[in-house]
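As structure tokens, here come the structures.
Next come two complexes, and both contain subunit A; in the first it sits with subunit B, in the second with subunit C.
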Partner chain A sequence: MALAVSSPARRRNVFWATFAAPGVAWLIIFFLVSVYAVMAVAFGTVDPILRTTIPTWNPLQWDFSAMGKVLDRVFSGDLRHVFQRTFTFVGLSLLGCVVIGYPVAYYVARKAQRSRGLLLAALVLPFWISYLMRMLAWTNLLQIDGYVNDVLRWLHLQNDPRNWLDGDWYTVVIGLVYGYIPFFILPLYSALERLDGRLIEAGRDLGANAFHTFVRVALPLSVPGLMAASVITILPMFGDYYTNTYLTSGSPKTEMIGNQIEYYLRGSSQPQTGASLVLVLMAFLFVLMVYYLVTTIRQQRAAER
Partner chain B sequence: MNPFRRRNGRAPVLAMITWVYVLWSLLPVLVAVRISLNSGKSRSTFQSPSFRWYWGDPVASVWHDDALHIALSNTLKLAVMCMLIATPIGVAMAIGLHRWRGRLSNAANGLMLVPIVTPEIVFGVALFLVFTQVYVGTPDGLTRQLLGHITFTMSFVVVIVRGRLAAIGDQYEEAARDLGATRMQAIRLVLLPMLAPAIFAAVMVTFATSVDDFVISSFLSTGASTETVPIKIYSGARAGSTPALNALATVMLIVTLAAVGLAALAMRAMSRKGGDAADMAAAGGLAGLTG
Partner chain C sequence: MTTSRRQFLARSAQMGVLLGAGVPLLQSCGKNSSSSDRKVTKAIADGLQPEKGPLRIVNYADYVNPDVIADFENEFGVKVEISTFDTDSEVIAKLASGALKADLDHSVANDTIGNMINGGLLQPLNKSYITNTTNIVSTFNDPWYDKGATYSLPYTFFGTGIGFRADRIDAATVADQGWDTIWNATDFKGEVSVLDSDREALGMAMLRNGVLDMNSKDQKVIDQAVSDLLQLIDLVNVKVNIEGYKDIPEGSTTIAETWSADLITGAAGYLPDGVTADVLGFWHPPAGEYVVTNDSMAVLAGAENPVLAHLYINYLLDNDVAEKNFSWVGYLPALTKFDADYVINGGYVPENLRNCVPTQEEIDKGLYYAPLDPDTKAMYEAAWSKFTAGG
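Coming up: the complex of A and B.
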């Protein structure tokens, strides 16, 4: 051991570790401790008289009764609908992203020729436009005297103008698709771009038509990219509470998990219930998060080999 | 680029879907910009062009309404500070993690990646609770928001720079070392110039992410003096508002696009291969994460 301490390899390792140290320290102080604080509050106690939260820092003394109550509400109580609705909204929005996003990513990555650079710029552009400005744009368009109703009337698809911002589920789903689809298309694009063209050619050369080549060769090869794109889109969607609130003027008919969390922490001061809900949400998302981490680390290793 | 790729197939249907998508994704924003130039109070129909909501209106325009003013300056302050602090820490962390080996290094790498997959609401709640329960001495408002933004964006810097490090490889630095440079000289004189495009991409991403952030700013906001542009847009639309909101969003949009454009130009000038499309794409969607 004494010998290892002074070995050049060891010294070099310490040198590089020093570079990473400020970032690691920062993330421990502001990320790790913060997430632990959520647990300490969720499994802590509430002062019986002052109703203030008392976090419990020692895991051996954690009190799970508040979490039990929240779980009851999630699985058989009033929060069940909110959870079901959130999963439905996210599922439908993901479906929308796949249906619209896959053809777009496929075209730009593999078919577009002269227009490719321009299209790529157009795919990246929404990232530089504030998310809430993009939603603001829809609140302008979807008003009762807005342009969407004008267009629908002009196309004779609808006679009476309607208020789209009234708390309908489809407004929220359209909003979510619009908001998150750029996050879906770009990773999928980069996966499709790297897909080995020789395999597709081989499919064609061996007699499959374009459709079969796509279904049997290109589609299966793009599954990892599709998964990564889906996960990166779903994770933030589950925590979204502003898109639905913004597009339905806060209608309770479109309330999602995020609204409940925000309510318990900011609206009413019951941080313990809010923190418990955050942990329930994270438990639901755990598999997705781990999937993403594992694939990212694998790719990092492959890139650095 | 795959040299064996054959792009002979035409796909008119796919092309149409793609162009319709592009129109659908950008047209609403253009409409919002146009409404910011409306002379009337309506946020849905355009009457005639004017700069009323930028500076013409003596009460409610962006120039004259203090609340909109403050939101704009808060957003810019946060974004610039966040960029200045998160970038150096993140670049150093990327260089360190790239070379550092061992179990601790793997743990540090994992810790760096987790914030990326953490939904923003979890981030917001966690920071809100840690500042109200643990770091109670931190000045509230902008300071806390800034600390939150840095924590949220740092991992993006690391991922972008690491992607570039993997692409560069170790040989240039080794050559510098063989020619007598110390380790620090090799980093300063060889590695950092080669990393410049990725660093610029990272700067753009931190700036844009901070400007765009709503959840963390909102959870750590303590009232009117700590509101940012996204918070203003969010809360303003509910209370019957004017096109001044659109004007505010448009100003922010122009500032962001100008900053990104400048950084892209600088990147182009510095990058030896000239305008690295991959870095741009990675910067845009953090697609670098998946590739």
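Coming up: the complex of A and C.
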């Protein structure tokens, strides 16, 4: 055995394993410990005078009363609507991302020739400006005397200017699609770029027209990429609370679960309630995360074959 | 039931996590001592020399004139560093955990001060450094939230009423309907807002129902208030924000629950070209039904520059400095010199917004939001969460 330890193969394994160390450390510090800290707050107590959190680190002493109340409110009480609304907004925004983002990603990955570099740069460009600044810009574009109404009037699509910031669901969806679509396009682009072009050519050679080749060959092959892009996009959308706040002037009709979390954690005397809401949301998102991991693993296996 | 020792350990553990240092599951085995005891902090001695700074201040964003800060830096030869925050709970959490070290809290809300005193976050003031207390409106030298102004001195004060567009709705109509103006504003659907504050918005609905106890523990009173607020969603498509200071002058809001100072700020800085302050109006309930609130300056218990912090408070209570600051922030200093006549003649406040300056009677009879016990506070918070969630 002593010989085996120093064998070149074993040494190579140790060498490569150290490459995973930063990732593992990252995962432990920023995921596992963070989640544990959220649990310690959710199941912990608060300072009786200052109402600041006192996390309880020992699971044996955890107090689940705040979580119980939150679950009641989420499943049968006043928070159910907020969860339903959040899922609806995120679902519609994802649909928007797919409808707009898929053709863009497909074009850049498969069709664009010389313009590809320029298009990729254009896709990354929004990241140069802070998300909040971009949303503030939209509030100017969408206000009654803003450019959006000017353009619509010029195109004769509407006569009376519309107040886009009036607390309507579609404004929030527009904002979410705009804000998160680069997160959707970029991973999808990299998946589509790796598609085996020979399969598409084979489809054409065997008599399918362009449409059928796309629907029968290209689209099924891009499903794993679509899934990954979708998960990466909707995870941050679920936690969003500023897009709707900015774009609807704080209308109760567009409140998302992120707003409730923000209120309970930053503006209330019950941070345990906020942390419990975080955990409930995470439980929902965990399902999506598992799906994402399973598809990536499958993709990897397929690539190795 | 928690001891201060346990808090200390828990917080150390929390910091350990933040630093990624690995966390032994620390649990206190210390003896329980009642944590509701006031933590004793001591005032500084007389006649000390000011420290070299930098003076570290926590404050809301854009809530002090940068020129006033620059003047103070020049006069005392020190640097001033300002950290900004959005909510009182945020600043208390940071101070209590030790994540934030500062000398002076520039703007403590008066329903927070008591908790900060009891929690040992503030130190008593040594008034021998603060000679300008004679300038202060007398009520604030012995306010309800801090008897004898032992720990705090007032920075600004303002009342809660209705800000409106006088060119769209008649001032007499607003005065006639009072708080009902907001519920009756069906002609201005989508142009109506209430303050993004649990106490202020629920309190307003309570006042409308004739409840004068702004700190009511009656679940029925709170339930009624939240169900009335929820009606506003369908009636007037209500918005929840604190943007009245710009949305009313700019015209996107017609009727809003606002602070009196919002109109003064709005008139001074947010009217579009060609629009005069005549379009602005403010209504507030009569003395005795009018909520008058103030923000206060206080020296923090952990101050490393306590003498400098005292000198800063004294500086801001100087009439000329306060005037320079007022001209920029639009929130009235709580000094006797700044009555309605003075600020109107000085051109700071237009005549039609005279009632944005609370009178002595309104201050003395003012209603206020007192600190609540945890159970009652949770009731208000659940009601607020229900309203902002849309029911």
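In this text, the second predicted complex is superposed on the first by the 245 of 305 C-alpha atoms of A that agree within 3 Å, B and C clash if a C-alpha of one lies under 4 Å from a C-alpha of the other, contacts with A are read in each partner's own complex, and residues count from 1 in each chain.
The rule is short, and it goes like this: a residue touches a chain if its C-beta (ideal position, glycine included) is under 8 Å from a C-beta of that chain, and two chains touch if they have at least 3 such contacts.
Everything numeric here is computed off the predicted structure, so don't read it as measured data.
When both complexes are overlaid on chain A, the residue A:M289 reaches subunit B alone and has no touch with subunit C. In the superposed pair of complexes, A:A37 makes contact with subunit B and with subunit C alike. Looking at the shared chain after the overlay, A:A191 reaches subunit B, while subunit C stays out of its contact range. Judged by the touch definition given at the top, the superposed model places A:Q143 against both subunit B and subunit C. Ranked by how many residues of subunit A each touches, subunit B and subunit C are led by B.
Within the superposed three-chain model, A:T52 lies in touch with subunit C and out of touch with subunit B [touch as defined at top].
When the two structures are aligned on the shared chain, A:V223 is found in touch with neither subunit B nor subunit C. Of the two partner chains, subunit C is the only one that A:G167 touches; subunit B does not reach it. When the two complexes are overlaid on their common chain A, residue A:G267 makes contact with subunit C while staying clear of subunit B. Applying the stated contact rule after C-alpha superposition, one finds that A:V82 touches subunit C and leaves subunit B untouched. Note: residues 33, 37, 53, 55, 143-144, 249-250, 266 of subunit A belong to the subunit B contact set and to the subunit C contact set alike, using the contact criterion stated above.
On the subunit A side of its complex with subunit B, the touching residues are 12-13, 15-24, 26-28, 30-35, 37-38, 40-41, 53, 55, 100, 103-104, 106-108, 110-113, 117, 119-120, 122-141, 143-147, 178, 181-183, 185-187, 189-191, 194, 196-198, 201, 210, 225, 228-229, 231-232, 235-236, 238-242, 246, 249-250, 258, 261-262, 265-266, 271, 274-275, 278, 281-282, 285, 288-289, 292-293, 295-297, 299-300, 303-304. Considering their complex, residues 2, 6-7, 10-11, 13-14, 17, 20, 23, 25-27, 35-36, 86-87, 89-90, 92-93, 96-97, 115-116, 118-119, 121, 190, 193, 196, 198, 233, 237-241, 243, 247, 252, 374, 377-378, 381, 384-391 of subunit C touch subunit A. Interface residues of subunit B facing subunit A in the complex, by the touch rule stated above, are 2, 4-7, 9-11, 14-15, 17-18, 21-22, 24-26, 28-29, 31-32, 35, 42-45, 89-90, 92-93, 95-102, 104-105, 108-115, 117-123, 125-130, 132-134, 147-148, 150-151, 154-155, 158, 162-163, 166-167, 183, 208, 211-212, 214-215, 219, 229-230, 233-234, 237-238, 245-246, 249, 252-253, 256-257, 260, 277, 280-281, 284-285, 287, 289-291. Subunit A contributes residues 29, 33, 36-37, 44-58, 61, 78-79, 81-82, 85, 143-144, 163, 165-167, 248-253, 255, 259-260, 263-264, 266-270 to its touches with subunit C in the complex.
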